[in-house]
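We just call them A, B, C and D in the order they show up, numbering each chain from 1.
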Amino acid sequence: MQSILRTKSARIGATVAAMVLLVAIVLYLGDAKGFGAVQYVQLVLDGIRGGSIYALIALGFVVVFNVTGIINFAQGGFVMSGAMLAVAFNNLALPLPPALKLALAVVFGVVGTTIVGALMERLTIFPARHSHTLTLIIITVGVYIFMQGMALLIWGANAYSLPAFSSLALEDQILRSGGIMLKAQSLWIWATLAVVLVALYFFFERTLLGKALRACAINRRAAELMGINPSRMSLLSFAMAAALGAIGGVVLSPATRPIYDMGLKLGLKGFIAAIMGGMVSSPGAVVGGILLGVLENVAAGVTRAGFKDIFAFVILILILLFRPQGIIGGGERGVEQ
Amino acid sequence: MKKRAFALLTMITLLALLVGGCGTPVPPPEPTTPPPPEATTPPEATTPPEPVIGTAYKLGFFSSITGPTSSLGVPERNTAEMIAAQIEEAGGVTGPDGVIHPVDFIIYDDESNPEVAATVASRLIEEDEVDAIVGGSGSGPSLAVVPLMQEAEIPYVSMASSRAIILNPETGESYKWAFKTPQENFHSGGWQAAYVEAMGWDQVCVIYSNDGYGQDCLAQTTAAMEEKGIEVSYSDSFEPTDTEFPQIASVVASGCDALVIGAVPPGAALVTVAAREGAPDLPVVLGHGVCNATMISAAGAAAEGTVFPCGKLMYADGLPDDDPQKALLLKYREDYMAFTGEGPEGLSTFGGHGWDGVMWVLEAMGSLEDGLDLTARRAAIRDYIETQITNWPGTGGVFNVTPEDHLGLTYEALGFVKVENGTWVYFPPEEW
Amino acid sequence: MILADIGGDVAENTILEVEDLKKAFGGLLALDDLSFDVKGGEIFSIIGPNGAGKTTIFNLISGVLPTTSGEIRFQGKAINGLKPHVIAGLGLSRTFQNLQVFNNMSVLENVMVGRHLQSAYGLISASLRLPAGQREEREIAERAMEHLAFVGLDSVAATSASSLPFGKQRTLEIARAMATEPKLLMLDEPGAGLNRPEKEALDDLVRRIRDRGVTVVLVEHDMVFVMGIAERIIVLDYGEKIAEGTPDEVQRDPKVIAAYLGDEELHLI
Amino acid sequence: MQREGWRRHQISIGIGVFAIVIFLLGWLEMAQPMGFEFSDVTGGIVSFDTLVRVGLLTIVVVGLNMLMGHAGQISLGQAGFYAIGAYVSAIMTTRAANRGINVLFPGVIREEWWWWPWLMILAGMVITGGIAYLIGRPVLRLKGHYLAMGTLGVGLIIFVLFREGGTFTGASDGVGSVPRLCIGSFEMWPRERYYFLVWAVALAVMWLSLNIVNSRVGRGLRAIEGSELAAQTMGVDIEKFKLQVFVLSTVYASIAGSLYAHYQTLVNPTPFGFVGSLDLVIMAALGGLASIWGAPFGVGIVYVIKEVLRARLQTLLRGAGGEHEIVIFGLLLVLIMIFMPQGLSYAAGKAFGWLRNLSRREGKTEIDRLTEKAT
């Protein structure tokens, strides 16, 4: 199978053929359900919203992976902790105007989670930094389990809610036109994603710290010789990943209902997005995330929602096998790694 | 060579042990015929002058205190503890011979997981050697323990709704040892269908949670709807952890007149919100699984105007005074709030299901002569529940348990309510 | 005890032929149209400055990396494209520049892995402890022990491989490679990081290996060592062969001197 | 010579000793001398039911040991294969209408066919192994984190397929009223009998695995973990070996799954999700990833902790067990992997030299003999 897909032209051909087939199937199934343009647009819109969250999470994966070579299975935990902390703060009875309170809650969620991330790196990754990959994987998995357990312990199994950010005078925070619905929160999510991307760009391209991180990513030994302390970089990368995850969780919260186990699936999807983007490139991660969001939402829409995860993971496995370097390109990873 | 011989020997001996071990089976318990049940005094009855203290009875209880269905399991657990406290005050249950038996409540968490449920159930049966078991917030855990109860021959009262818990779907016979107290999705579906019909709608969509409860909802609702010639034009499942709801697009596309949601909170709340956003004009009909405050707090504004069948507990004060349940419902509400220190928002019909189940068992225990052995007590309790729970007003309705029907409720047990300004309002058919 | 000549009837004829071998990593060309022959029973050496592509050749021959183009023939049979374990089965074995000792095993077990292809019993036989397998197992261990004795590591057989000093780990790799009973043995910088006495021991060991009829291909930095032991040498520079011949010829070759200009190793000569 | 004999029979003797312990526990529960039953040994904390479940999962974890500890190939989807075994047995042995073989040939299976369930256990093994073979060929080319994610994906897909299987798999209700196993008219029930069956299988599986681990094959696997590069140049066909051990581990899982189905009599998706796979990894890690002997202990520890929480904290925590379990296991897993990555059994083994001999990856019979000669 691989050998067939060796040559570039064949790959392109196969990819195009696959896409055409995919679209055909979608349209066929959608037609059977009596979908009109409205439904497709709606599915795609929602998909992009969900995908943007995946993208934010995927960025976290990429930052950690680039610097430490670790895939942090606890990334989903950061998302959950960001959301839950924000909710918890917002539910405090404080003599504050709601808007200010919400803003503070958001900050609290992100900062708190960043600290959690830093702690995680110091307490679990740092002591085991010389261990076998297998060990590291299991450790990050363990950290995730722990975080989820703590959340359950503190907040129970109830779904909470965070008010939508926008004070726009919209009837229940929804924009409607021609039967298509768009949550005002979606706009916030996209804006956040854009800001984060720009911020990351400036951080990596313009600041010394960012450059140091990149140096670490390119060649740890060399970076070390240049006087960059890899362990500090690792710490920094985890803190950043945590912050990114938390931001994702916080902006997502109003559009869903934060609950203690929300992190697992989001984390996995974020990882798939990162893989689609080639695991090493930030823009790749974003494209991957949005693509994944749209694909699975449309697929689930035209078939059964229960199959949602299957689509995501089939995509994952296919990419791991046939395009380990990601569909956007980027470094040769995965099978070759 | 020697190595192999030795190893083989090991295996053979082990097998020998296996068979040999089974050669001496544990003696099957012979159920002694229970004493003819007499008119019994309720547990809180005043105790005779000089009380004789008999052997302590044990009541096993498990519910989903953690996990996805903990919003059901926690109030159930609270209720059990409340009753335990009351019984302790009363000193125990008084038998027909005036002997007072203290009752130990043993409470476990099934973590909303059938496997764990099975484990704690066998704990209760074998380790704790309880007289009877009340437990199972969700259908999954309940279904998982029924076979154990049948084999161990111990009376079991479930707090979950699926009919398969008490009725063998293949033979159509009731399981001898399994009972349950909650109204069924079949009753719930009946109300839903009646309402949809009254509204003159002929197409509905169903979205149900991806678990035993949700599936039962789908099955029963569909059955009830088809009885009235209403078409279920689209149905799909969802999961509480979903963030996007592509189902709504299909709902809109299918052009149905109303959306029926078969789930318990918080999942049900998520779908309700999504539906309100995706299809604001589409009426939403819920099941009786959402009769607790979690629903309203989680769904917020989206819950407004939703209608659903619901146990009378939630709106007891709105009931006519001649309602046989009213007094008892009000008392339960009072006791519960006093015990947990929560406001009315803490109330839920699920706690009520727990109350009914535990009270059945206690009443049955009250019918036992002193000095019976465990096996006999178990058998007697079971027989009492099957034969003596008639016209028995509970929180879930007026029960008439029979050998054919180990639940004994009709759909009148449920009422119909509407959510208005964040609370339930009695919404009887004449107001439709 | 003395081991039989495993190389067997390997005569003066060519055992390994490399023809127009090309290897490109992405853009850059690691090897460019390289061709050379190795004769049976000789000690052949490949030298060249860092990054000349010496190790790459070994990776291509042993099948660890796919060739870009060109052909590799072993005893007249084309072997490029074959899986590494198949190539090993043909009688080609190697050691590694950056050590690849199995740290999760004892010294003896490391060598026992080398006996993998000299034994055949599989999952079923192993799981049920069938006598045939058990006999083979004893055989494997005994032969492995002999190979350890051959390199002089038998005294530490039971200790964990990771606990061996660096030099001994190199020797262990050689023993492991010898245990596969190769016709041709590729040693990748066997002298790197060894002190003088260790190098002398190595020199002696390589000769003894050759004396057992095993052809040896050597990649080495240490000129003194190479010039002392190699019978024929090719010199690589940036993936191209710039000289070939006996040590003396090579040392006199201006291209070589140019390539090594300023490299003190050459001044030793 | 004595010592050597002991070493040569190490595995068999070890298994023998273990078998005796198992038997004694079972006998204690069955005969109940002076009403003294198993759970009393543990102060009523550990129930006999737990003992059976430990046996079941031991079978799966031994497979994981070989796959992860010896071949160094992680699997976060093992519960999926556990599920296949369980569902094959459950579906094919329930007489329920529209299920199993009765779909194709109504009424074919007869009540008197006591051997049918046993046959279906075999069928489950074959099916699982086949699926694993097909999946394994491509997926095992992945390495490290990617393999972890690949296997995780596979496990989740299997899980979702069962959950969405409609009436055929009973969706999230699952398949109920699975019959008990029988030999002729001899039923493998009450629990004590099933306990012996399960542990006989578990011990057999352990014995086989230990033999494999201490053989040429096991060495090949460890070579792969040590250095794939060197392994293949030493002639080890790494793809074949990875695939073999992967398939073997899934077949173990399948057997355990089938036995689980006949024990629980109800198979539904809940235990087979991602969390299920994680639990298995936790158990393997606790016992020692590379220690077959550690498997029963790893599983045991997890269950005992659960039971302790249940039996002791339930009054204190008002019945809640769930959260605390999750927290404790997460913490435990992290600590173990940081401070004793070889697992508890190894750490314990350090304490008792003899146990270390067992918990070592191989009984060094030949090696010791030869080194004694050499030195």
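Just so it is clear, a residue touches a chain if its C-beta (ideal position, glycine included) is under 8 Å from a C-beta of that chain, and two chains touch if they have at least 3 such contacts.
Predicted model, so just to flag it, every value in this text is computed and none were measured.
In terms of C-beta pairs in contact, C-D outnumbers the other of C-D and A-B. Ranking all chains by how far their C-alpha centres lie from the centre of chain A, first place goes to C.
Among the chains present, the centre nearest to the common Cα mean is that of D. For the pair chain A and chain C, the distance between mean C-alpha positions equals 47 Å. Distance between chain centres (mean CA atoms), chain C to chain D: 42 Å.
Centroids of chain B and chain C (each the mean of its C-alpha atoms) stand 73 Å apart.
If each chain is reduced to the centroid of its CA atoms, chain A and chain B end up 39 Å from each other. Touching of two or more other chains is recorded for residues 3, 7, 66-67, 210 of chain B. For chain D, residues that reach two or more other chains under the stated contact definition are 163, 322-323, 325. Across the assembly, chain A contributes 152, 264, 304, 306 as residues in contact with two or more other chains.
Chain D contributes residues 68, 72, 74, 76, 138-139, 141-146, 148-150, 152-154, 156-157, 160-161, 163-164, 274, 278, 281-282, 285, 289, 322-334, 337-338, 341 to its touches with chain A in the complex.
Residues 62-64, 83-85, 87-89, 93-94, 96, 100-106, 108-109, 112-114, 116-117, 119, 121-123, 125-129, 133, 136-138, 140-142, 145, 148-149, 154-155, 157-158, 176-177, 180 of chain C touch chain D in their complex. Those residues of chain D that touch chain B in the complex are listed here as 8-9, 11-13, 15-16, 19, 23, 26-27, 30-31, 39, 44, 47-50, 53, 95-97, 163, 171-174, 176-177, 186, 188-193, 196-197, 200, 203-204, 207, 264-266, 268, 270-271, 310-311, 314, 318-323, 325. Within the complex formed with chain D, the residues of chain B that make contact are 2-3, 6-7, 10-11, 13-15, 17-19, 21-22, 24-26, 62-63, 65-67, 77, 81, 107-109, 111-116, 118-120, 122-123, 126-127, 139-140, 143-144, 147, 151, 162, 164, 168-170, 210-212, 214-216. Interface residues of chain B facing chain A in the complex, by the touch rule stated above, are 66-68, 70-71, 210, 234, 236-250, 252-255, 265-267, 269-270, 273, 276-278, 294, 298, 300-301.
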